[in-house]
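Here you go, one structure.
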Amino acid sequence: MEENPNKTKSFVIAGKSFRSRLLVGTGKFGSYLQMAQALEASGSQIVTVSLRRVEIGENKRQEDILSYIDTKKYLLVINTSGAMNAEEAVRIAKIAAHGGLPKWIKLEIHPDPRYLLPDPIETLKATQMLVKEDFIVLPYINADPVLAKRLEEEGAAAVMPLGSPIGSMRGLETKAQIEIIIEQATVPVIVDAGIGKPSHAALAMEMGADGVLINTAIAIANDPCQMARAFKMAVEAGRMAYESGTDEVSKFAVATSPLESFF
Amino acid sequence: MEENPNKTKSFVIAGKSFRSRLLVGTGKFGSYLQMAQALEASGSQIVTVSLRRVEIGENKRQEDILSYIDTKKYLLVINTSGAMNAEEAVRIAKIAAHGGLPKWIKLEIHPDPRYLLPDPIETLKATQMLVKEDFIVLPYINADPVLAKRLEEEGAAAVMPLGSPIGSMRGLETKAQIEIIIEQATVPVIVDAGIGKPSHAALAMEMGADGVLINTAIAIANDPCQMARAFKMAVEAGRMAYESGTDEVSKFAVATSPLESFF
Amino acid sequence: MEENPNKTKSFVIAGKSFRSRLLVGTGKFGSYLQMAQALEASGSQIVTVSLRRVEIGENKRQEDILSYIDTKKYLLVINTSGAMNAEEAVRIAKIAAHGGLPKWIKLEIHPDPRYLLPDPIETLKATQMLVKEDFIVLPYINADPVLAKRLEEEGAAAVMPLGSPIGSMRGLETKAQIEIIIEQATVPVIVDAGIGKPSHAALAMEMGADGVLINTAIAIANDPCQMARAFKMAVEAGRMAYESGTDEVSKFAVATSPLESFF
Amino acid sequence: MEENPNKTKSFVIAGKSFRSRLLVGTGKFGSYLQMAQALEASGSQIVTVSLRRVEIGENKRQEDILSYIDTKKYLLVINTSGAMNAEEAVRIAKIAAHGGLPKWIKLEIHPDPRYLLPDPIETLKATQMLVKEDFIVLPYINADPVLAKRLEEEGAAAVMPLGSPIGSMRGLETKAQIEIIIEQATVPVIVDAGIGKPSHAALAMEMGADGVLINTAIAIANDPCQMARAFKMAVEAGRMAYESGTDEVSKFAVATSPLESFF
């Protein structure tokens, strides 16, 4: 495998540096308090929230999700989940910006009700529109290397290919395509959707992904805080392995103890 | 899947408790000093050494491997690598015990020069012989559930099925058989051989393995200390995930954000 | 798994029925004669040819590829390989039609020189343009279920998701996504690219694919005719297995011989 | 990969040649008639029967399984399924021989009631005993390359490693170990147990297995005759692919159509 220049790069999206390569989503938790504790345990610095969960302007209730997310500690990224096409996604982004939220948008356009898979055409279109309006756009995509390249060319700040359907926890079913995306990308590659176990997250990082986004696997664990810590460690472990090298795989055994006659 | 009573059990072999579930082998390091530093970084409490590397009695040179392993910190387990049959393995164990080394033996009998795969017949025989002589026996085996059960019945203190050939770093190629071994074992199951990446170690722990043994992947890394730390974290992450639950895998997507119409 | 209505459907594309579900490409053969013999051995009824190999009009040389393909026996489908965008692909299709070739087009638009992966945006655009001009369009795509659905809605006569990069012979690396495409499609799904072995082809058919397209694996075999026959049988075997049922997979063993005490 | 001398060898067990490399088991069919028809459709020349299904001597009922198996057409191989140890297996073999049945024995010793996995120790012992008594012994084993080699040395006429648990139809979960067995064996390697689909059978043959044994997948199909035909074709396809070569797998795409500029 060729040397990947990302190998020693720190994790920078749109000029902003992050120590943690673990992004966390905020859906499905039992309570906001539990969510807040799991975020803390995860060590994450980037948190995604669906705009539909956010109270904006005058409708603000007391028990708002945002009051549980310390925006001094976490970069808040609004996701457009629920959007069926580019127009809806752009509209969500604008409502968020108008409401004073950051202009970082995780773009999710999934017309497919069963697997929530993203629409490549609408995602490209929305990326073009949002980049023009100075949003920082992180599109959620199928593991399609050509689409990833085109989004990068249109100004996406990162690409977020799926490992398997959202919430399915089936891991990196699209591994072969993600490897090509990583090889070709010049923006960060963040594996999103489908990561169900720390071993999946470690694998993504060992392959050279720049980050991973986890939601369901943490939110529905019996102990979300412990699971958040497990993912934190797995992401660090995978990244350290990527940086400290050794990809060679041998068909044959290679003795760890010398085999010369002993007796 | 049925509840595994191991789920909350601490890691106990032959009545002795260990905090760390990562065992480390000592072959292939660039130097004894590097080895010692990697052991330290790994957090391991159990270290395996081939008797052929150990200076016993009067031949003791100054630069002995044992002078780099603090036996107050690490349990020293002698491996019989190089043994072609039960008799040779038993002879190695006895030389070790006679030389004042602990009676913990990692039994390796591999007549196969290419893949170093273990011999099931000789391994069972040697286990019977060594148990009778009060050794604590940890046999390295193919991922054979029936053999694992028989070794357990003969008094093996743990079973150590291989993931793939020694030193090959190909991961858990025998995953399906190891799952059955874990399901059926009443002694600890330690996955040995072939683990090449932290993600492999995390996967083994998520499956419910009690521990893993790593050697090559740490010893030949560009930075063995960092790789040792990576494995330490991956093993802990995998175990935490195992303990904090959630095995359900869904074919369909399960939205992390509510899908009711937003606009 | 739900009952798939395709299960008993015969293989029909754009109203035309085919007995054979094996499509064969014509690149990379050692000679046109060898190609012709392999086509014969494959039993295929649909053959794809790159327009760049075809002599049209006055430049016609004696040794034309088309003189080796009996168009009474095979439906000739022109592919647009080499096209970098929709306009180029449409132009190739029109040259072919103008030259008297059938209006069946295998749409290939791959700007990526290394993996030859298809461009989703340009492919959708070209499909729209060609359908308007009454071409029968079979687009080659990444294994993207949402794109497949959109192409179908735009009038594609089939969808042709890739298993792995063209010519790589790595098999169904995109299996999980292809399963979703098959589940959702109302036009035939033909797995294209990457199928390297008869077992890959059989697997695609067992999953419910309507057909497979093979080129490299036959063309570069030591014995292309024998390999063509092997694929013919594997495709039939996979389809028969799909039709004769039984998907259940058990975790446990199920004895084939009764286990009541024998003695 | 090194050249395997088996590549052009015909299928010979204990000096007896067979055209078909598909062995079929006789359990679980809906009726003896259905079984007989499926055997016919499979083209098999070797059929295994559990002795417990056979009526011997005076207890012979009218409706005997053997009256449905034409021993002029099929070599009858008795299996010892139900045996818990070597003694029971040898006893079954002797009862069969005494009853006038062929001395070909498929040795199955599985004390494990849940997965029916074979016992390596008892299987070796029974092989030694039966070879001494001039039986032709085909032992069913875990995918253990060292055990396979030892059985071969003791005179086993073939080795029959499992792909996955009997009746589970999960395919070649032990693929990596079976590859080593095939590489090292000098007797035929017949993959037994777990093959659930024609694609699994084709894969085993492409890997260089000498034969496969199928039972459940045919017997419980909605249409056992059609499934038997499917397996027949898949086995032939896999073998033909093995013989006609090309193992090379490329990471990159290799165009099947020339890429020089077209316009």
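Worth a mention:
For reference, chains read A, B, C and D in written order, and residue numbers begin at 1 within each chain.
Convention: a residue touches a chain if its C-beta (ideal position, glycine included) is under 8 Å from a C-beta of that chain, and two chains touch if they have at least 3 such contacts.
Only a predicted model underlies this, so the values are computations on that prediction, with no experimental measurement involved.
The distance from the centre of chain C to the centre of chain D, each centre being the mean of the chain's C-alpha atoms, comes to 33 Å. Work out the mean CA point of chain B and of chain C, and you get 47 Å between them.
Looking at chain C, one finds that residues 114-115, 117, 165, 170 touch two or more other chains.
In terms of which chains touch, the assembly is arranged as a closed ring, every chain touching its two neighbours and no others. Inter-chain contacts occur between A-B, A-C, B-D, C-D.
Those residues of chain D lying in contact with chain C across their complex are 25, 27-28, 50-53, 79, 81-83, 88, 91-92, 113-117, 165-170, 196-200, 202-203, 206, 215-217, 219-224, 226-227, 229-234, 236-238, 240-241, 243-246, 248-263. Across the complex, chain B meets chain D through its residues 110-112, 115, 117-121, 124, 142-147, 149-150, 164-165, 170, 173-177, 180, 184.
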